[in-house]
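Letters A, B, C and D name the chains as they come in the text, with residue numbers starting at 1 for each one.
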Amino acid sequence: MNNKYMLTVEDVSKTYDGFKAITDLTFYLFEGELRTVIGPNGAGKSTFFDLITGRAKPDKGKIEFGFDTDLTELNEYEINRLGVGRKFQTPSVFTEHTVFNNLVLSLKGSRGVFASIFKRHSSTDRDRIDELLKLIRLDGKRDWKAGQLAHGEKQWLEIGMLLAQDPKILLVDEPAAGMTDEETHRTGELLISLAGKHSIIVIEHDMTFVKQIARDGQVTVLHQGSVLCEGKFDAVQSNPKVREVYLGRGKSNK
Amino acid sequence: MRTLTRFFSINLLFLATLVCASAAQAPRDTIIEAILAKDKARKIELIGSLVGESDEAIKPLLTAWKEDGLFVYQTPEGSVSILVMLAGEKDANDAQAALRIDNGQPLLDAAGKPVHLVGGDLTAVEHDAELRGAMKNVLDLLALATPDVVKRIQAIQAVGFSQDVEKIPALEKRLALETDSGARKSLREALAVTRLKASDADKLTAFNELKDLHSLSSYDLIRTAMRDAEKAGKPELAEAGAHALKAIDLHRTKINFFGTLFRGLSLGSILLIVAIGLAITFGLMGVINMAHGEMIAVGAYTTYLVENIFGTGITIPFFGFSLPIPGIHATGWFYQTYFMVALPLSFLTAALVGIALERSIIRFLYRRPLESLLATWGVSLLLQQALKLMFGSNNVQVSSPSYLSGNWTIDDITFGWNRIFVIGFAGLIVFGVWLILTKTSLGLLIRSVMQNRNMASCMGVRTERVNMLTFGLGSGLAGLAGAFISQIGNVGPSLGQNYIVDCFMTVVVGGVGNLAGTIYSALGIGLVDQSLQQILLNPVLGKILVLVAIILFLQWKPSGLFVTRSRNLDD
Amino acid sequence: MSSLSTRHKVELIAAGFISLFFIVIFPLLNAHGMVSDFTINLWGKYLCYALLAISVDLLWGYTGLLSLGQALFFSLGGYMMGMYLMRMIGDLGQYHKPIPDFLVFLGWTELPKFWKPFSSFPFAFSLILLLPGLLALVFGFLAFRSRIKGVYFSILTQALTYGASLMFFRNDMLMGGNNGFTDFKFILGHDLRSATTQRGLFIVTAIVLLLVYTSLRLLSHTKFGLVQRAIRDGENRVLFSGYATAHFKLFIFVIAALIASIGGALYVPQVGIINPSEMTPDKSLEAVVWCAVGGRGTLVGPIIGAISINSLKSWASRAAPDYWLVILGGLFVVVVLLLPGGIVSIPARLKSLWQRVTRQPSA
Amino acid sequence: MLKVNQLMTAGALALGALASSVHAEDTVKVGVLHSLSGTMAISETSLRDVLLFTFDEINAKGGVLGKKIEPVVVDGASNWPLFAEKAKQLLEQDKVAVTFGCWTSVSRKSVLPVYEKNNGLLFYPVQYEGQEESQNVFYTAEAVNQQATPAIDYLLKQGYTKFYLIGTDYVYPQTTNLVLLEYLLSKGVALENIGGGFKKDDSGKIISAGKYTPFGHTDYQQIVAEIKQFSAGGKTAVVSTLNGDTNVPFFKEYAAAGLTADTAPVVSFSISEDEFRGLPAKQLVGQLGCWTYFQSIKSPANKAFVARFKKWLKTTTVPGIVKEDRVTCSPMVLSYDGVYLWKAAVEKAGSFDVDKVRAALKSGLSFDGPGGKVTTQPNMHLTKNVFIGETTAKGQFKILEEFKDVYGEPWLLGKFKAK
């Protein structure tokens, strides 16, 4: 794997009314890498994503996209337009819209007000959407309201929306939650297949899933808002500190 | 006419028999003669003749006359009419003891029993502005010596501003005797003002005196005196006058400054009182209660009802048919306490209405704040109309108890008792709410439910009940506000509409879900508003500027002074 | 659900028929005395209200922004038109002076500068669009930039319109104070009192309404429409999909302001008066009621709501004056609690209505 | 959805078209156009009541030209466009012979074009600013010179030297105060002794005099403080054109500041016995009022009128009428007079035709009303007696002074030249 930084996070801190969510976090993501982030509840995983996607602004530290683009200066939609896509922990889709329209909205392309009024979506767009629908196995339900889908299907739809944006970085927050083992496995397959073309950060609790997607890639363990340790899955798993802070509890609440 | 002539005979008779005939006519008889005299000039002359008399009968009689307290009484046989004065406590059917004017003795009927009469049934002795003027003059000079300081001071001022040089000796005599500092001050003022009409030497001293006293009230008189001096070509005199005026202007700015502070504080307290209920229903519960104003109205009307029950009772045209409520005919101090009874009652009534509202409508809308806005607006229309149908569309009178209708004046700055009362009570209410929310188990429940309804219910809190009580509390506070509004404003079906926008402004500026914020914003808005009024001398512009300021403020702090993560308001 | 497009086709056809009725048949009947001038004038007024209701719905029903300031834009449009109409009175006023009466008894002898250009219709018309548009742009920009939403937005817009009404109530604003503008005589050279002029105004109103309706209907089918409704259902998600929601909201806010303003401009010559009480917060709330009762989030809803409630009002204020407020208020509570979808949702609800009454409506 | 849409339209249509009901031969339709709901209902409902009473009284005596009066009562709902709509309805749908109604100037202004267009006739009973003389409105109302200027005369006679002008910010107070300013100056009162502040235009000409507060204003602290300072010393009277609602907070503040009728009396032009029902009368004792009628007038005609009205209230079955502790006041009596004047005019003209009736009215008809004799003028106004009264604890007025047969002059601005 080449050494081109896709995302640079250097000693970033964030506190919410006194509570230290992130402290001096430093984190690098290489182009095409699939990184798995694990950590107990309240380790600051979601805040970490919030900071990257501009939902929250860090108190200190720098967050850069590629080499030079300072993300802390930008807001949500600008960051997204740079090519940072995010899948939320709880599936968030446009419940009142049809599956098809959910994808239309996410499709890569101009996001301007007037464009959205006058630009019709081309046949290539349609093909792309059909392709995605097949991929996420919702082509049968293209005209359903997203709100009517089952939890797992929503997860898939959101992944589909993420892919539709064709982002450079995918931030995936607990994709497997609420999925059957079979679905979970397929999700894993999908993410792996995406790695390389995209740089991906996956937050996950489910260890089997983590094992599946991490393979020989890096796994980062967050604890109390900063990196506890980083390394290959087995190394991390055997790390006593990790066992203490994470797996112990991880088991108990799984 | 015939009765009048008969009077004369009767009275002459009295003169002959009852009154031990003295050469000079006794004041009582002078008054009787004045009453009976046909042409106004004569009346005034007679009244004027009383000046200097020190008979203790003069004061009560003239005062009674001025205030419709003297009556012509026809004896049952109708044969004779007697002048009487009604005095003493009113009894159950409004009757009072009748005293004969001629001798001050109780009027006895044939059986020799004292007669009780109802003022309403008798013809009162007429009087008009000019007569009252004459009487006032008499009373003033009497009053220079009245034991009651306040009355004395009023009297002194009255005498002073008549600028009647003849009265200087009287005033000086009084000043020599006077011990009370306040009275001395106004005596000096009165003297000085009067001296403005006297010799130049006097004028000069007067100017300096008034300068030291920085007496507002004599401003115009000084100015005229000064101009006269200019005209008369007496520059040094005119200059002294100018100095006096400058001193007074300075004094005035001081008054305005502190006055504005006080007024701002009191307006702020009112905003606080009306808004704190909303700060709970809207701020904590996230219910946009457009009917909050009507809760205030409910409280005000409760006060109105209580007042009437303490008084003569009231009949409510209850949706067509009349519903009579008897009164307990309280009088004097007992009557005055009605307000203290009204306070808790208005809280309760409004709280009950609020709870009813919560049970019937609000509870379905906790997750739809915007729709709660619409529904409660509908409710506010309903309540307004209900009030109209019950109490009529007119405003109703709520008279302030005496302890709320006076004022203290410290160095010419007026502090209305009702205002001070409101400020004090605002403090109490805030304290009470703070106690409830922090020190009681209900408060704990409330806060937990407001932070996370689901969580709380999972932990076995009966959220339904807590919601109900919280909303009740909020509405009750609104009702309490109504009780105060009834003391300073008008009570009508659409009372609430005058306050609702201000309420929301206050809460929003303070930061939804944060009571402390509401307090600061209320006082802040109050002060800003009053200062703007003082500066612009234009209430409308002031109000508009306040609104603009609020809008801009929210640009700068979109969620108010104090940000609180509230379940309902951010997604 | 599934057959969206067909449903809309039906709706469009229906709209076509109805507008045909309003634009052609109704006026014809009036011309031949089968519909009284009073009725057609009344309906002209209703259609203006319908425009106001649509502007509310565009924001609330489609974008989730409950604006309590639409009455302000409505009145501003009205005032701009009013100023033109005041100029057209010429010297036929009570004083027979060349300037509006209220200026005369405020002691003015000649026209204030800002009044002068209003003798030209094109100028007045452009201001009908510019002024409310600009106000909406500035206010919207400030509000949306600082991400004021939900209740805050409602209350802020309420403050805006309240402040404006206070301002217009002031006589030294030189906009007629509490009396506002009345006693109009001519519009574009036509006598406002003649039946034909009123009929003309009615037709124009109907056409404008049709245009607004169709263009909004089309808009709602574009991607813009999708984004709009997406913002209503989950603004953050839209942000994270790369849309600058603030721009979209601003655009909608301005459009809505323009629609309201045009409605107001058509309203004034038909009712013959505009005064500040038209821009008080509760007027806005009333418009919200129309929209809610008719059925928000649809385009026919507000129209139906505006027309039905106002004809109800016209009737009640004569038949049951004491109970009008009760009817309005009650109606409102009932709709919010039992019929969130409004009148248009009745057919869909009829079956399940009874269950809804017995069971708590879910959020 | 389509169905509903058409259905609603049809329904609404029906409602809208719900037009003129059958016109019975032996009755004449008469419009009553007042606000029975909304903010103005406070004042206007009593006018509706007294009008219905008058109609019953006339019908009992055989009606007008042998026709019974059939009242058509509509609600303006304090909503000015609705006033215009209702006026149209009365004239175009119900074809009423005459309308009695309106309180606020704005409501009158909003219906005026309608009456002029349809050549209708409106009787307007409430004190107003003048500056208007429509051929389709008969103003039984007090003109400024039948209320404000007499009051000033009285105050000057009582030796008051300083005057503070305060009012609600709308046309009536603004105009009245401008007239009063001119009047006071013409009486030699110095500008510095007229309080409340002035607004000047570029040329330095005063275009607004006095202090103005918005409708429903609740906070009078600052203003009262200002008055207190202004009134200190000199003999000061406050001339108030504050409208109904705002008087309560004003007077409560006034009393709380220790100002009384003795120190600085307030003469109010918008407080009649009816408004008093909502005011703290005890705090207002001695304050002045000026109208062309007071309930306390001791004439037999008035005593009888009040008795009849109260009797009617007890017996009437009209819904929504408050029966308890009702009073009579000038606007009510002027409505009453209006009806009888119209009757007289109709009978003189021998027809209900508006033009004929107007001609009859202009010819100078007289009617002995509760307030004494009133006579119609060619300028569609009314000559009547003016009374100054001071308020008593019972919420009534004690009459201090009477000006007989004052001619109603609507055009007063610029009439009085400063000395």
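Keep this in mind: a contact is a pair of C-beta atoms (placed from the backbone, for glycine too) under 8 Å apart; a residue touches a chain by one contact, two chains touch by 3 or more.
Since we're looking at a predicted model, the values are computed, not measured.
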Quiz item: Shared touching chains for chain B and chain C?
Solution: D
Practice problem: State the pair with the higher C-beta contact count; candidates are A-C and C-D. | Solution: C-D
Exercise. Could you put a whole-Å number on the gap between the CA centroids of chain A and chain C?
Key: 45
Quiz item: Using mean CA coordinates as chain centres, what's the chain C-chain D distance in Å?
Solution: 33
Quiz item: How many angstrom lie between the CA centroids of chain B and chain D, rounded to a whole number?
Solution: 28
Quiz item: If you average the Cα atoms of chain A and of chain B to get two centres, how far apart are those centres in Å?
Solution: 67
Practice problem: Enumerate the residues of chain D that touch no fewer than two other chains. | Solution: 37, 169, 212, 214, 319-320
Quiz item: Taking each residue of chain C in turn, which ones touch at least two of the other chains?
Solution: 166, 169-170, 234, 236, 322, 325
Quiz prompt | Residues of chain B engaged with two or more neighbouring chains | solution = 385, 388-389, 497, 540, 543
Quiz item: Which chain pairs here would you call touching?
Solution: A-C, B-C, B-D, C-D
Practice problem: Enumerate the contact residues on chain A facing chain C in the complex. | Solution: 53, 55, 75-77, 80-81, 86, 88, 92-97, 101, 104-106, 111-113, 116-119, 121, 143-145, 161, 165
Quiz item: How about chain D: which of its residues touch chain B in the complex?
Solution: 37, 39, 41-42, 45, 158, 162, 169, 193, 197, 211-214, 216-219, 221-223, 225-226, 228-229, 232-234, 244-249, 252-253, 255-258, 262, 274, 277-283, 319-320, 322-324, 390, 392, 400
Quiz item: Where on chain C does chain B make contact in their complex?
Solution: 60, 66, 142-143, 145-148, 150-152, 154-156, 158-160, 162-163, 166-167, 169-170, 234-236, 281-282, 285, 288-289, 292, 322-323, 325-326, 328-333, 336-337, 340, 360-361, 363
Self-check item: Residues on chain B engaged by chain D in the complex (per definition of touch)
Solution: 68, 128-129, 136, 161, 216-221, 252, 255-256, 259-260, 263, 266-267, 270, 315, 317, 320, 322, 385, 388-389, 392-400, 405-407, 409, 414, 416-419, 487-492, 494, 497-499, 529-530, 533-534, 537-540, 543
Self-check item: Sites on chain C touched by chain D in the complex
Solution: 7, 10-11, 13-14, 18, 21, 35-39, 41-43, 45-46, 94-95, 101-102, 104-108, 166, 169-172, 177-180, 182-184, 193, 267, 271-273, 275, 277-278, 298, 300, 304, 307-308, 311-315, 317-318, 321-322, 324-325, 343-344, 346-347
